[in-house]
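Structures follow.
Both of the next two complexes hold subunit A, though its partner changes from subunit B to subunit C.
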Partner chain A sequence: MTAYIIRRLLYMIPIVVGVLLITFVLFTVIGGDISQQIAGKNADAETVAEIRAEYGFDKPYFKVEMAPVRESFKEDGFKAGMKSFFEGSQFLRHFKNAVTFNFGRAMDRQKISEKILQGVGPSLSLTVPMFIASLIITISLALAVAFLRGTAWDFGTVVLCVILMSVPYLSFIIFGQYIFAYKLDLFPIYYNPTEPMSFSVILPILIGIVASLGPGLRFYRTVMLDEIRSDYVRTAFAKGLTARVVLFKHVLKNAMIPIVTNVVMSLPRLVLGSLLLERFFGIPGLGYLMVESIAGRDFFVLNAMTFMMALLIVIFTLLTDICYAWVDPRVKFE
Partner chain B sequence: MTQNGDNLLSIRNLTTHFFTEQGVVKAVQDVSYDIARGKTLAVVGESGCGKSVTAMSVMQLIPWPPGKIVGGEIIFDGEALLEATDERMREIRGNDIAMIFQEPMTSLNPVFTVGNQIVEAVKLHQKDKADQAWDIAIDMMKKVGIADPERRVREYPHQMSGGMRQRVMIAMSLCCSPSLLIADEPTTALDVTIQAQILDLLRDLQRQNGMSIMMITHDLGVVAENADDVVVMYASRVVETGTAKNVFNNPLHPYTQGLLQSLPRLGEKKERLDVIGGNVPNPLNFPSGCKFHTRCPIGCKDTKCRTQEPPLKEVTPGRQVACWHAEGYTETK
Partner chain C sequence: MTTSNNFNRTGFLQKHSGWGLLLAMCLMVCLPAGCAKKDVPTEDEGMVLRRCMLSKLRTLDPCDMRDVYSMSVGAEMYESLYRYHALKRPYEITPLLADGLPEISDDNLTYTIRIKKGVRFQDDPCFPDGKGRELTARDFVYAIKRIANVKTKSRNWASFKDKIIGLDNFRDYTKTFKGTKEWDVDYSREIEGFKALDNHTLQIKLIKPWPQIIDAALTDTMTSPIPHEAIDYYKEDIIQHPVGTGPFRLKAWRRGCYVELVRNENWRGELYPSEGSPGDREAGLLEDAGKPIPFADRVVWRVIQETQPAWLLFMRGEFDSMGIFKDNFDGTINVQTHELNDEMIGRGVALKKFNDPSVFWIGFNMKDPVLGKNKPLRKAICRAYNRERYIDLFNNGRGHVAHGFVAPGLDSYDADIHKYDYSKYDPQEARELLKEAEEVHGGPIPPLTLSMPGTDTFNRQSGQYAQRLFSKVGLELNVEYMDWPTYLDKMVNGDLQLFFSGVSAGYPDAIDFLKMFVTKYHAPNGGNAFFYSNSEIDALHDKAEVMLPSEERLELYRKMERMILDDYPAVFISHRVSYALAHGWYENYKPHVYSYGLNKYRKVDEVQRSGYKERLKELKEKK
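So, the complex of A and B:
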C-alpha cells in the first residue's frame, strides 16, 4: 500500500511538468510580453523595464545563460546560485513559481496567493453544503426509484430528470434569483459584505441543488439499477431482509465504487467554486475570481488557477484509487 | 406422490404471469404439487418451463413489475402463504423456507465477508442467539465441509472457489434450520466432482435435519440419485408427477419419455443421442391445445391434442399425467 502510494506520487512528477509546459505555452509564449500593458499607457521606459525584469520577460523562454549562473554560485553561494539559475529562463521561473506556490502579483498588483486564499473560504461555504446536500438527496432518491423500477413513480422521475437536464443552468439562476430574491424578497439578490456569508449563500445553494438533481439522479439511478439486478440482491431478499436493509446495506455498499469515483473527482471543482453562481450572486469566491480574471485578461491569475486545478485533479485521482481499496475488498495494491 | 396429508408444502393451481411490453408471459399456469415432509421432490423441465418461477412464487420473490402471482394457493405447514403479510413472509423467508441458487459465483455479496453474510441471517431470525451468531456461522461452515472455518469465515467471496461459495450458500441457508430448502439448480454451474460433493452434502444434511428439499434441475442423473418424487414441467404446466422410481421406469407422458430417451446410456452404441424434435415454445405464444403437440410423435396427428388441453389427472394412486393418450388416462376421471 505504502509502496503503491509512493509510486503513484512519483508518477505525478511527469504529469505536473507536462501541465506546467502547457500552461507556460498558453499563458507566457502565446500571451507574450505584457509589461507595457501592466505599466499603463503613459509609463516611461524605465518603469516598463522594471516591470519587465520583475516578471522575467527580459529572459529567454527556455535557454539559460550559464555563465552568470556559474559566477553567482561561485561568488554568492549555493542559494543565490540556484536562484539565479531558476530565474535564468522564463520556463524555469514559471516552474519554480508553481512548485513553490509563489505566483507573484496579479495585474492589480495584489499577491495572487493572497487572492486565491481569500476566495477559497467563500467558495467552500457555497459548494460544500451544496455538494453534500445534493449527494444525499440524489443517492437516496436514486435508491428509492431503483427499488420502484418500472412503476409510474420511476417513469415520472426519469421524465422529470430529463426536463431538469434540458433546462440550461443559467435559467435556474436567473429565474431563481428573479422569483425568490427579487419578487418574493426572501433572500438577498447580491452578496453584501456587511451581512454574514451564510445568509447570502442560501439561495445559490438551493439553486445548485435543484440544478444538479436531474443529471445526478439519472446517473445514480443507473448505478443502482445495475446493482439491484444482481444475484446477491435476490439472495439478500431470500434471507428475509427488509427492502430497506437490502438497499441501504447490500446495494449501497456495492454502488459505492462508482459513487466514490464520481464524488472524489468532483471535489477539485468544489474548491474552485461555481463560476456562474458566484458571479450572479456576487460571492467573492474562486469562481468569481476566475471570471474576473478572464474578463480582465489577467494571465497571471489564470495561470495560477489552472495549475492549482490540475494539481488538485491529480491528487484526487490518487485519492479515488486509494478509496477503491476501502470500499471494494477485491481491489488489491500490487 | 404421497397423498397421506403429511405434506409440508402444497401448491394448488398456482398461476404466475409476467406483464411485459411484448405481452403477457404466462410463465406458470395452473401448477399443483406437494412436497412431503423430509422428502426430496425434483422439479424437472427445460429452461423456461416455469420451474424456477414456481419456486420464486413460493418465496414470493417474483419482481413486481413485471411479474405477479395471479391465482392459486400455496399452503406451507398449514399456512396460506399468499394471504400472509409481507412481515410474516420475511419471517418465513430464510427461516422456514430457505433457498440456494444456481449461480454461486454471483449469489454472494462481493463486498461483505462470507461470515458476515451468514451471521446476518442468524441475527435476523434467531434474535436470542445473536451473540453466538459468529460461532453458529463457523459451526455451519464446518458442517458443510469447509476446512479451517475459523479463518475462512473472515474471507470474501472472491477468495473462494465456486464449490466453496456454494457450500457457503448452503451454510447460510441452513443456519436457521429451515424445514424446506429450495435448491434452484444448485450444481449446474459447478464441475462434476464438486456436483457430487454438494449433492452428497445436501443428502447428509437432509438426513440430519429432517428437512424437505425442492430440487429444481434439468439434470435427470441428479433426479434419479436424489429425488423421492418427481414433477415434470413443460411450457408452464405440470405434465407428469409420481415417485422417482415410477417415473423413470414407466414414463407416461410423451415428453417425459423423450427426456429419458435423450439420456446417453452406457454400453449403447449410437452415432447421435436421441433428441426431442422442435423447440421449446415461445411463452408469449404457446401453441393451442396440448402445448407439447407440436413436438409430440402422437399429438401432432391428433386434432384433439391440437385443440384441447389435457388437464392433469391421477391415473393410478400417486401418479398424475396430462396427456390424452397416456395409459389409463380417461376423460371422466
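So, the complex of A and C:
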C-alpha cells in the first residue's frame, strides 16, 4: 500500500504541472493583460506600464531572456539570480507563485493568500454541517425508500425528488430568505459580523439541505436498490434478521463504495464553499470570494483558487482510493 | 487497484460506525458553534448610523480613491482643504482644513492658502508615541506628490497632468527612478508649483489658469493630507490603515463585508450649520443649528451586493436610508403620483427626489468606417430612439429625456435645448435619413453592433429594446454583452462600434462633459471614448477651460454643446433623477450630489428607531 501511495504521489507531479499549464493558459494567455482594468478608466500610459511591470505582463509568456539572469547571478548572487530567473517569463512566475503558495496581491491590493485563508473558516462553517446533515438524511431516507420500494411511499419520494431537483437553487434561497428570515423573523436575513456567525449560517444550512435532498436521495436510492436486490439480503431476511439489522449492517456497508466516492470527492467542494448561499447570506467565505472575483475579473484570485481546488481534488482522489480499501476489504492495491 | 472476491470483512466500520456517526454529529454542531465568536466585537453602541454598501470598498488610501464607496467612507476620515456647504443650494464652497478661501493672484496663476492651526491627525501607532501630530502644509505637499508618483499607480493623476508647475517633472523623475516601491522615492524634491511656505501656508502655482482647481481638486478626498509616517509605517497596507484628520477613524474593516468608524478623539470639532437654502428650516434641517457635531458615535456600513437582502434589511429597519431598486419600485412608489404608497407612509418612510447631474448615451465610435463619416446615419439612429419609453421601461420613469449632454442642475444647462430637436423621436424621419445615409455609404448599411457593459437582465433588456427600435427603421443591430472590464478595455481602445455608457458630474461645472469631445482627451488618456475630433471645438475648449465663471463662459459652453450635438456623436438618452428613502428616525438628511463626508451632520432618533419593530407588528395586525 505504501508503494502504491508513493507511486500515486509521484503521479501528482505531472498532474500539478498540467494544472498549472492549463490555469496559465486560461487566466494569462486567454484572459490577457488586465493592466488597463486595474489602472482604471482615466489612467495614463505610464501608470498602465507600471502595473504591467508589477504583475509581470511585460514579460514573455514562456521564453526567458537569459543574459540579465546570468548577470544577476554574477553580480547579486544565487538568490537574486534565481529570483531574476523566475521573474523572467510569465509562466515561470506563475509556477513559482503556485508552488510557494505565494499568489501575490489581488486587484484590490489585498494578499491573495490572506483572502483565501480568511474565507476557509466561514465556508466550512456553512458547508460542513450542511453536507453532513444532508448525507445522514439522504442515506437514511434512501435506505427507507429502498426498503419500501414499489409502494406509494417510494413513488411519492421519487416524485418529491424530481420536484426538488426541478426547482432552481436560487428560488430556494430567495423564498427561504423572504419567508423564514424576513416574514417570520426566525433567522437573520444576512450575516452581521457584530453577531456570531452561527446565527447567520442556520438558515443557509437548512436551505442547502432541502435543495440537496432531491439529487442526493435519488442517487443513494439507486445505490441502495442495487444492493437490496442482492441475494445476500434475501438470505439475511430468510435467516430471520430484522429489517434494521439488514439495512444498516449489511446493505449500508456493501453500498459504501459509491457513498465513499461521492463523499470524499465532495470534500474539496466544501472548502470552496457555496457560491449562491454565501453571496445571498453574506457569508464571507470562498464561494463569496469566487463570485466577487468572477464579477470583478480578478484573474489573480481566480487563478489561485482554481489551482488550490485542483490540488485538493488530486489529493482527495488519492484519499478516495485509500478509503476504498479501508471500507471494503475486497479492494486491494497492486 | 483490483477487487477480490473475498467477503471476509474486517468489520472496521461495523465496530466503529457508531463512533463515526457521533463524530459527524459533533462536527455538525461544533462547526457553527465554533463561529459563535463575534467577528467584530461591539461595545456600548451609542448613536449609530447604519448604512448599506452595494459594492465592496476598494481602498482607503486617499491618493487612489476614485470610486463612490471609497470616497464615501474615506471622506469621513480624511479631510480636504475645501468642501461644499452641506445645505446651501446652489452648491457653495466653504473652507474645511483651509483657514478661509484662497488668495488668488491677478493673473489667476498663484493660489495662497492658509491652513487651520491646531488640527491634529488621529492617534495611530505610526507616530512615535502613538499620538497624532499637528497637521502642517507639508502634509498637503506630500499628498500631491504621492498622486504624481507613478509608483503609487494613483487613479487620480489625470486631474493634475499639465496643471501645476514642476509636478509633471516630479512625475518624470519617479518614472526614471529605479526602485519599485513608492516610499523609496525622494519626496524631499521640491516642486515649484506646490510648496509649503511655512507650517500653515500653502502656495500653488499653475501653468495656466485652472478655474476649477478648488472644485476638481481641492474639495476632493484625493488631495487630503496624509502623514508620511503612515506610509513609512504601513507601506502597501496603507489601503487599510487610514490616518486622517476627520471626525471619524476606522475601527474595523472586514473586506467585502463590514466597515465601522468611530469618533476620532483628536478631531478639532465643528458646529452644525446655521444657514441653509429656502425650505430647509421648514424641513427641520436647521433645528440643530450651532450644535457641536458629529452627533453619531459610530458609522457602520454593511456590504450587501445582492438587492434582495439589502432591501429586506432596509424594510426591517436595519438601514437608515436606501435607494429604490428597479424590482422594488412598484411596491414602494405610487406609479401615478410618483410619491410613496400608503404602506411606506405607514412605515414612516420619507422619499427624497433629486436631480443627479448625469447623462447616459449610446455612443458612436467616430473612428468606425460606417458611422464616423456618415452623419445622416448617426442622425437617423438618434431619431429612431424613443427616450421617453426607455426611461419609463428601464428607470421606472426616474429620469429626464436628455435633449443635450449637459445635465440639469449645472449652471450651463440650457433649459431651451429641447427646442433644437436633437432628441426628437421620429421613426419616419429616421427612415428618410437612412436613404441619405445609404447614399453616403455607397450601398445598404451593414449590420451594426452595440456593446453593453454587462450581461445581466437590465443590459440584456436594454440591448433588446435598442434592437427593436433599430429594426423599426430598417437597421439591423447586433448586441454584444460583455463584462465591465472587457467592455472598458475595448471602449478605451476604440474597439467598439456603438456603446452604452454614461457619466455623472464630479463638481458643478460642465467642463468635464465638454472634455469628452476634445481631441487631446481621446481615450485611453482621457474620457473621449467617442474619438470625436473637431478643431473648432478643440480651440473653443482651450479658451473655455481657462475662463473664470461668467455669463460669457456660460454662453460659450452652451454654444459648444450645440456644435457637438449638431454632429450627432451619440444618442443622448437620459439624465437620472435619484429617489432616496429614509426612515423617520434619520435626521438632518439632505441629499448632496457632490460631497462626501456628511455623516458628521446626520443623526438618528434612537427611541423612534427602536420602536420600529413594534410599529411593524401593529401594521401587520391592522392588515
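Following the convention adopted for this analysis, the second predicted complex is superposed on the first by the 318 of 334 C-alpha atoms of A that agree within 3 Å, B and C clash if a C-alpha of one lies under 4 Å from a C-alpha of the other, contacts with A are read in each partner's own complex, and residues count from 1 in each chain.
In this section, a contact is a pair of C-beta atoms (placed from the backbone, for glycine too) under 8 Å apart; a residue touches a chain by one contact, two chains touch by 3 or more.
This one's a predicted model, so the numbers in the text were calculated from it and none came from an experiment.
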Problem - subunit C versus subunit B, contacts on subunit A by residue - result: C
Practice task
Return first, second, both or neither, reflecting whether A:Val331 touches subunit B, subunit C, both chains, or no partner chain.
Solution key: second
Handout entry: subunit B versus subunit C as contact partner of A:Gly150, first or second or both or neither
Key = first
Practice task
Classify the contacts of A:Lys239 with the two partner chains as first (subunit B alone), second (subunit C alone), both, or neither.
Solution key: first
Exercise for the section: For A:Ala181, select first, second, both or neither according to whether it touches subunit B, subunit C, the two together, or no partner. Expected result: second
Problem - Contacts of A:Arg297 with subunit B and subunit C, given as first, second, both or neither - result: second
Practice task
Applying the touch criterion given at the start, work out whether A:Ala67 contacts subunit B, subunit C, both or neither, answering first, second, both or neither.
Solution key: neither
Exercise for the section: Using the superposition on chain A described above, determine whether A:Lys253 touches subunit B (first), subunit C (second), both, or neither. Expected result: both
Exercise for the section: State which residues of subunit A lie in both footprints, the one left by subunit B and the one left by subunit C. Expected result: 253, 256, 327-330
Practice task
Sort out for me which residues of subunit A touch subunit C in the complex.
Solution key: 4, 34, 36-48, 50-51, 53-54, 105, 108-110, 115, 118, 121-122, 124-125, 128-129, 132-133, 135-136, 174, 177-178, 181-182, 189-198, 201-202, 205, 249, 253, 256, 279-282, 284, 288-289, 292, 295-297, 321, 324, 326-334
Problem - Residues of subunit A that touch subunit B when the two form their complex - result: 150-151, 230-232, 234-242, 250, 253-254, 256, 327-330
Handout entry: In the complex with subunit A, residue positions of subunit B that touch it
Key = 59, 61, 65-66, 90-95, 98-99, 101, 103, 106-113, 120-121, 124-125, 156, 158, 169, 172-173
Practice task
Under the touch definition given earlier, write down the residues of subunit C that touch subunit A in their complex.
Solution key: 1-10, 12-14, 21, 24-25, 27-29, 31-42, 56, 58-59, 66, 150-151, 153-155, 157-158, 161, 171, 175, 180, 236, 239-240, 252, 254-258, 302-306, 308-309, 312-313, 315-316, 318, 483-486, 488-489, 492, 524-527
